[in-house]
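Each of the next two complexes has chain A plus one other chain: chain B in the first, chain C in the second.
Let's look at the complex of A and B:
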């Protein structure tokens, strides 16, 4: 009996010793949280990462895009293990301020991060920076584009519009010719991109929505954002606009040949011109955003590391390896997204990559695309901008369809911005 | 002696404790939240008294949401009860295939709200929706009608979808009430009343009116607190055209991350619901549930 007890104790001791051996990195399991775009590609990227890093296992969790931020905030507030997540430019300051995520310099050498950031386009770098520190590396970086149907315009003898007034004139001409709704618009107030698309249009006019002290400027009737909302309300009232709730519905709608213009993320152009499944592939092109400056909104979605991962040395090292694999040199994963899915990228060297140039040449004028990226500007994002955007989007939607005046909408939006600014400053 | 008096209370504890935990605690916590500034993305949770209530009531959304909820309730609840009663009366008849028809009528009941919403989106979709397709085939329209993107039409569309989802429950309960009527009464009525309407009004309705009242109250509350269909069909839009108070609770809490304001709206909804029930029951004859 005594011998058995000694044997059991020895076995237990041996077991615990083996478990405690240093360098057994297979003990590290990372929780990676994403929104559910192209999950099979993400899973394949993870498989490759795990093969290259045998010590690390990655569990993938996905949420739908509209519910992503809510789910993630509740997940982190609930202390659910979470290591690496997709971040959005509009959420990053709030997450950084709330301590949900950590600056990359907390998990990796600063020089290494700076070297990677040096390759990142200006607007994308702005989008991953909060309080002077870099919090993420780009998963993808893109612009919002004004897209038109070349064939429809050529058949109708209409030149590509360069101002919003010309867009109205072109749409009215097409409507008179029998096209019911020449413009198809992603109209979904629950999506952050609803606001982004509006900002992109205002940027086309050269608008500044906020000053350097983050005071709202858009309630001034002379501001381009104000004028753009008035333009949208006018286009709606003239029956020129067909509303669709998501970009995935814009693609088939544009491919019916019943619409000539739309304003969407640039990568949608890749789907529109996909010969494999779109009947009118090849008919679509992007033009500079109408307006005086032709600028547009550029933005970056990024891989960020949570504070809980950064505070655990083993997870921190593994999390940085994952981020570096997904977004770091030689930019294999970023290139894969660009070539296979048409996603934009923040890593500038990829603009010189022959595979990227060849792949993108199938659905876009790469030169035009590069010029647009150069003209693109980052948005204004603060700790409270995502909260404000959620408030403001339904007001915008209401004004577009003529249920509220442009003046009142912009006034209410500015008031709420100032309230939140004051509220945040008082905490 | 005191132990004997406490004995029943102690036996009730296993039931009372979970109830208290599952209802009283969340309610108390929600009340506490409504009196504090609880914003998930802001640090701290300072006490703000009634500020959340005031801000919510003065907000752009509240007036619209309150009006929409009341109109939605006033439109949907009577529609569900009237249509449900008519369908129940029809399904009482014996005809070939009645069992199949009964099953089809009950179908919406087994569908979750989100799935019903998806079905109705496909009916009302402007480009490839069934309804616009049908209207085009009948040459009644040429282009497309924005059923879910035009503010007034979106509201009507959501009411239609809500009514569709709620009818089966009403049908089942009215059929149960009809089954409880003495067959001899109905036979006598068939001889005495030639008109179907008179037969319904003077013989059948008095027998089922208690059930009808219950259904009106139930449907008023269901409509007033409706959420899932609106969320999935229109997201409260366009603008605030289909924003109901229950949806506004979600928007304040999970879209603007202001749990204090969300809880304040929730308490306002509870208050209005209580007033609504009281108003409906007060408006009814006092002998309604008594033996006749």
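Let's look at the complex of A and C:
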């Protein structure tokens, strides 16, 4: 009896003591899902975020890049708690229309988002926008570059080409001088890069592939995309092009000194000029994409907030804080990625940052790169564009090597686009 | 009278087999010991700069390879996923061993019952069990994911172990039931006369005789689990439960991983498998063959 009385008193005392404690902020745990690139850096960024934001914890889950989208959709459809995720420009429309993700204005003041978006390169801003609303802030951004070997061109007395016709002339001159295939091309119909590189070249000519109502324009022989496919087929037929199935194979191929030109994502330039592992590091440079406008394709991967998180006020606030920490001013995290890992960025002020200029200056002309980022345009992404791209890439591949006509390829591509557009409009 | 094989032909075939099986292992070992700048330079001999263990040092200690410590080096190619390889090997070992044990514990008695006894629904349930592997794994990912989530097993080794056990169980039951069926019926009749229960007949007579086959099917389950990728990838969540198949896929399928580091990771991942295969493969083959042809 006596023991029971003591226990009851102790319980009461403990209860009143706890009630007397000052109110502590409720801990929020965010689920942050990424593809597994440089996890140690991400973890370190998270540690810094948690230190600056007591009461918010972040659990990190990563998936391999090729399985990322499928795994993420499975998570979201399975209602697995998921708050902030890496998003991609090509997935954004489908995720947005499915209600998987929320516009940032649902979780943060619109003026704050607009102010951040104002610093973002045009193509990257387009890539994080769906249905007129901004859904994310850039994690990293990059453009597709026309890359050449400075030494080879200088030795042969060839000026850096500024049009595709000049590229042909330069390649023919190099071929006549003994270089078998002056151009290396990532030729793989399975890869979205394959289509992206084609669009970048068409943009260089100033081509519009679609009009404002998303009607295809590329089947017109006067369109730059049509002309570029004809150029590719011509270059192939003249034996100027060596096909490689992946950019990772282009890097050693260019480093043999047997090729002078390639068209790849700009981060490949960083790899080509990497003194740690490339024998011809330092010989490679980017030039404006040949063509009338020198524009190119840019893309942005982004930090996106899920609809689940946006619908829960506490998680929404915490999720926005995380996104703002990772991609917002003073762009510390974006700068860290750029300086330490050479990742591109969508935040234009970083092109003026001395640390970035110093780090990137080792492998690229930062001024030229900044100018290219400003000229770059986003791709056209819709709910069905990835389906269409998967259909169109094999057609493109056949036309390049002369197994199909340019006219028929573009006609078939446009027809399929229209079918899908109609199909998705009636959903 | 059987003619003797031509030793030259035998040698040629053996060399070809060795080339295709041992060649990649040797290449990954070489690639792991040679710096990228030599590997990628066609003008240089492979051993121009000697061998180094920088990749191994990075995987086990996190110290950057010397070439990447240079001022102008681009460190983007150093993927820290490579550092997950040792822990993922432990995860794979635990998962595969557990799946093996569960397969034996559940599969052997089930196979014995299917082989030696009649019970209602036997044919139907056996058919269901045996045909279940024909369902494409990809079609099962979503329901299994949702089921494990509702059980709170996502991101745990237990969840992966259960799925791997279920995936291997039909093979275990099929192989062992063939073996149990071929045991002489007289053995079990004598056991019945000696008042053995069904369990005792299984435990005291069938099990000791079937040990080689049980060991072999267990190892088969081990290997299925060790190399499985899709469920492991979807269910493992973070690095804490991630098996080596998922880590290797992350390395091999990402383009921004140094060749030398990739080769290091491949070789580290291969070694335990190689040791295991050398030690037990003969046992597996003999066990499986005895299960299928003994009569």
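Assume the second predicted complex is superposed on the first by the 340 of 427 C-alpha atoms of A that agree within 3 Å, B and C clash if a C-alpha of one lies under 4 Å from a C-alpha of the other, contacts with A are read in each partner's own complex, and residues count from 1 in each chain.
Here is the rule we use: a residue touches a chain if its C-beta (ideal position, glycine included) is under 8 Å from a C-beta of that chain, and two chains touch if they have at least 3 such contacts.
As the structure is a computational prediction, the values presented were derived from the model and not from experiment.
In the overlay built on the shared chain, the residue A:190 is in contact with chain B alone; chain C does not reach it.
Contact with chain B, but none with chain C, is seen for A:412 once the two complexes are overlaid on the shared chain. In the superposition on chain A, contact is made by A:383 with chain B only, not with chain C.
In the superposed model, A:181 makes contact with chain B only, not with chain C.
Shared-chain residue A:256: touches chain B and chain C both. Judged by the touch definition given at the top, the superposed model places A:394 against chain B, while chain C stays out of reach. In the superposition on chain A, contact is made by A:98 with chain B only, not with chain C. Look at A:77: by the touch rule set out above, it reaches both chain B and chain C. By the touch criterion defined above, A:40 reaches chain C but does not reach chain B. Under the contact criterion defined above, the residues of chain A that touch both chain B in one complex and chain C in the other are 74, 77, 252, 256. Contact residues of chain C toward chain A in the complex are 35-37, 39-44, 65, 67-68, 70-77, 79-81, 83, 141-142, 145-146, 149, 154-155, 233-234, 237-239, 246, 249-250, 253-256, 258-260.
Across the complex, chain A meets chain C through its residues 36-41, 59-67, 71, 74, 77-80, 246-248, 251-252, 255-256, 267, 270-271, 273-279, 281, 340-343, 362-363. Touching chain A in their complex are the following residues of chain B: 37, 39-44, 46, 60-61, 126-128, 142-144, 146, 148-151, 235-241, 243, 251, 254-258.
Remark: chain A residues 70, 73-74, 77, 94-95, 97-98, 180-181, 187-190, 242-245, 249, 252-253, 256, 258, 383-384, 386-387, 390-391, 394-395, 397-401, 403-404, 412, 423-424, 427 touch chain B in the complex.
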